[in-house]
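One structure below.
Labels run A, B, C and D following the written order; every chain starts at residue 1.
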């Protein structure tokens, strides 16, 4: 079997992620696909760049998978996160969760994306027409106001 | 463009449904895949048979799409429902919703499956090793206790 | 004539997907159901209906050429 | 030596993905950060760290051959 929790520079496939969790015991599969949005806060993104601490990111995704198992013992989950240069509408992350009954699949799926944004060492850099910036906080509470702190690219 | 809300006897594709709603304005796509579960209440399903009032079912799915637009104006949705004989793990329904921000995509998606189970004229018949039965109430509040009421197949 | 469509276990009750009933004396959905009850000795109590693909009430008018569907509790999804 | 991995804008601050620093006098993550601050005049305040791929505290021990990663606020998903 392929890895259930992985980071890759290759395009992600919803078909493959869904297949990873589909099984006779499941009546529901919920998938989340995080896609590159063209406009964020009125500013046009040309492309995004994702970087990962690859080995640790996969470990953290697996850890989230174990958290899910503790909270929803009947759930099976799989996550793929892409790295590198992504164009508008490309899938950056796909999360698939299967459960016997659908309510749990929605809840566990949403739990996973929240946790990814908290504990998985992956970073994105916005590339605009007139600049670029590492995004500091996916929860959108803070953003480095002018490029990287302490210097760095503008 | 293909129909966004359709009933078909052909296998459904998560790839195609996701593609229907993916767009530059969206940062999130949530998909629900309703799959045929092997065991329900301890009884083993051999296969399911889905029947639809085809033309009305598609109209009702479109009506649900309009309801979604009223509640989540930024959402785009697509639904495919399959009919005919379905084997264990086959997808009976796929719902795809895209929104700029993910919370809405989960909510709107769950809204759609709830509404399908209320107002779309589609029926399923369970086929077990020792019998068969039209399922009377998807909300699982009632089930005809012994086959069809007023006679019919056992 | 009035076309009657039967789905799910209604098909078994009426022995087919489509019936045609004479529109004489029929003005509403209620009349259609009464007719079916007496002509087929069928229990259609509590069944939902649609007239020309729109959900209907017992009081919904039905006339020559209309299609009335018998809609058991749905179980899609 | 102690391996230091720099991600996202940390790469720009330190001019590369990997640094190697001498383990002499280094016992904890805090020592590593102090060293980087003085050697690179870099602001690493508030940065998270991992030692050998596990999230760490300032008090987490670090020894010869360990890998310390500088983890800016993550933004995956």
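Note that in this section contacts are C-beta pairs under 8 Å (C-beta built on N, C-alpha and C of every residue); 3 or more make two chains touch, one makes a residue touch a chain.
Each chain and its UniProt protein: A, B = Molybdopterin synthase catalytic subunit; C, D = Molybdopterin synthase sulfur carrier subunit.
None of these values were measured; they are calculated from a predicted model.
The most distant chain from chain A is C, comparing centres defined as mean Cα coordinates.
Rounded to whole angstrom units, the spacing between the C-alpha centres of chain A and chain C is 50. Our note on geometry: chain A versus chain D, Cα centroid distance of 25 Å, whole angstroms. As a whole-number value, the distance joining the C-alpha centres of chain C and chain D reads 74 Å.
Each chain gets one centre point, the mean of its Cα atoms, and the points for chain A and chain B are 26 Å apart.
Shared interface positions of chain A, defined as residues touching 2 or more other chains, are 34, 113. Applying the touch criterion to all chain pairs gives A-B, A-D, B-C.
Per the touch definition, chain D reaches chain A in the complex via residues 5, 7-9, 12-13, 42-43, 50, 53, 55, 69, 71-77. Interface residues of chain B facing chain C in the complex, by the touch rule stated above, are 34, 50-53, 55-57, 59, 81, 92-93, 113, 116-125, 134-138, 142, 144, 147-153. Those residues of chain A whose C-beta lies close enough to touch chain B in the complex are 13-15, 18, 22-40, 88-89, 98, 100, 102, 105-106, 109-110, 113.
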